[in-house]
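Before we start, here is the structure in question, set down as structure tokens.
For clarity, chains are labelled A, B, C and D in written order, and residue numbers in each chain start from 1.
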């Protein structure tokens, strides 16, 4: 496939992934955005800002380089674009970034709490508690806010020694969830799972306020049976 | 467009906005109403009282002047009409008013509590906590109850120095939410957002009972990036 | 209309009301039943027991007299039939009875708590707290259980001096909600409203554990503006 | 019907039951599996691992013997297969096994708590509290994890003297629910009911933290009117 064709395929994937956010119930109105990157070209495709999902077309996707210069498209890119770009610049394993205000994950973000790993559903996708960033300083909010949102995500992952693909999402204090994956499909999938485990973690704590997280042995078992070199879940053994 | 045509367009907008309440899950049975005002004519269009959404037609919309005299339409206007009219008389920036019994916002109203601003989703639309009125006195309930509901909303906004379009909704103690906007579309949009942030605020407090509201800096950042003169969200920069 | 035609109309109403339970989300599988009475004939029409809603037909409705003798129909009537009949025998204002296991009202029933009147949504339909029966004795469970369920509903209404149409529903401890109305349409409507106010009362108590019920003045205002002789809600003034 | 035909019918039932999990809202993505057994042939039919429900076909079902040897099918069987087989080997009354991560039941599993029998909805299907297994040891997790999941289910049923068809489901600590029945239809039905009673038990405890489970008399009455030799619910008296 030519590089031009690859970019076209990515536009289609990013467009479809944005619509999938709505179908999965993660987004109302225009409250979300998905982007994807074509590493060979160094180009990012992202949803335009504030455009209704009903009328949005594949051609409305905006193409930028990693420094944020618009290379294709007539519309303004998502206002969260600098957050996406920061993640792509830092981690070359990330192929797609997604941001939503999905209600359960956002509630944890607003509460400023990590989502503890209370079960195997969580462990199948996230290798440990889903981290929550610190609150941004007044200065970080005042200048290059969206960039700083990306930087605090990276800071949090690094301080906790997490590789992005083993912890494919995070919640930003006072704000909401960001997720990622190797491609737009995976990124949205991970965002949907984060919402589901956020819901179940909430209820788990209400039922039993004393409960702890699962053992390292069980975390390893579930995460690695799907993701490790010895994975035996699915059809790709 | 002629004034007659403008009134006709408004009827269509009000009719559609009432149906949108159902589609957005804010209303069951006939539990809601939207109105709009044509300022040049000084006429208000509002949903009729107790008419099923399934059989309601655009022609059923009732037209009144600001004193509540019916000028067009064969049906009784919504019993909440005096509340709507009080808001239009007080604030000429309000172009549409909406009332629902949407479950999350109504639960806060029944609890008699403001909805604290716990996150950026809230700050994108409401410039601070969503206010809750005081309880009406027995006398206010006994005489001109619906008018007094409007007056206590205005009293609450004024005591808290809030302009209506920067705080496009409120909850009335023991009762439920009222919202507004520059047009019917915006008013319903704001009512939907109020319901969503009411839900997330509820969950936020359950997850972390000690959490405070977001900083003034973050509130300013989010509200103003969408609504201030320096707004840079969307396609209208 | 002939009496035979009236019975046929009632069968249609009861059949449709049973399907409406599913559409309103009050029932899964076969967990609900609606009946109606034709007072001139002294005949009750009720859903058959344990028949799938998908395959159920109007002709499957069972006709009984007030003593429970089957007068028409090949299928067994709902196992809750004696509860319905007890209510019809006691109150000649009741034209239809409905029973569901709708999740919110059933949760209150399981908790053995009245649903407090926390707001105007509740007051628009129920003239005060929705009562909760006492637990049945072992003897009442062991002999004529379904009849005794009806008798404890009547006992609870009488002890609290409630007329059935001003309190068109109740919750039975350990079990779930029963509702009623002047016809099947109204009975299902009331059951749907009970579910909604049960949900909002739950959330109200979580938000503010100290909140009390609304004032008598507000209860009177809302109940009577819809139901009293001076009612001014809707189109029938 | 020939044995070959019976196996074909079972494949169809298992396939449909897996799709029903999605329709009943018990499963997102590929998070569930249903199997069924043909006792005369000693063959189990189970869903393949990690295949999208949208593209899955009846022909994709995998056939195994009770020792786990694949006898038909090109795809890998569900990774939970050893759990299903352990249950079939132990209890010859079980005709179908289902596993989901349905949100309410999973929340109880993550909390490590039995689901108490708070009402008649529960008692209609489960003869007492829904049990919760102990946590698996590190050794049990490390070796033959899925088999050990089945063994701890059996251990829990036996220690509590429960026959599987009178307690047609269980929750596995840190993990989620397993259910069963005499056939795939019944097994999914029981899984759906478990989810509903898990939801209502959660809310019951929030409303009244002091509430106890229902009396033995009421449990007997409801369970036995549907399941005992004197059952009088439904059309099969």
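Keep this in mind: contacts are C-beta pairs under 8 Å (C-beta built on N, C-alpha and C of every residue); 3 or more make two chains touch, one makes a residue touch a chain.
Chain by chain, the UniProt names read as follows: A, B, C, D = L-ribulose-5-phosphate 4-epimerase.
Treat the numbers as computed from the prediction; the structure is a model and nothing was measured.
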Intersection of the contact lists for chain C and chain D: none
Fewest hops from chain B to chain D - one hop per pair of touching chains: 2
Equivalent interface positions on chain A and chain B, same or different at half: different
Turn needed to bring chain B onto chain C - CA fit, degrees, nearest 5: 90
Distance from the mean Cα position of chain D to that of chain A, given in whole angstrom: 33
Averaged-CA centre spacing for the pair chain C and chain A, given as whole angstrom: 47
Interface hub residues of chain A, defined as touching at least two other chains: 205-206
Touch relationships between chains, expressed as pairs: A-B, A-D, B-C, C-D
Residues of chain A that touch chain B when the two form their complex: 28-29, 31, 48-51, 75-76, 79, 101, 103-104, 106-113, 135-136, 138, 141-142, 145, 174-176, 202, 205-206
Touching residues on chain A, where the partner in the complex is chain D: 118-121, 189, 192-193, 196, 199-201, 203-208, 211, 214-215, 217-218, 221, 225, 232-235, 237
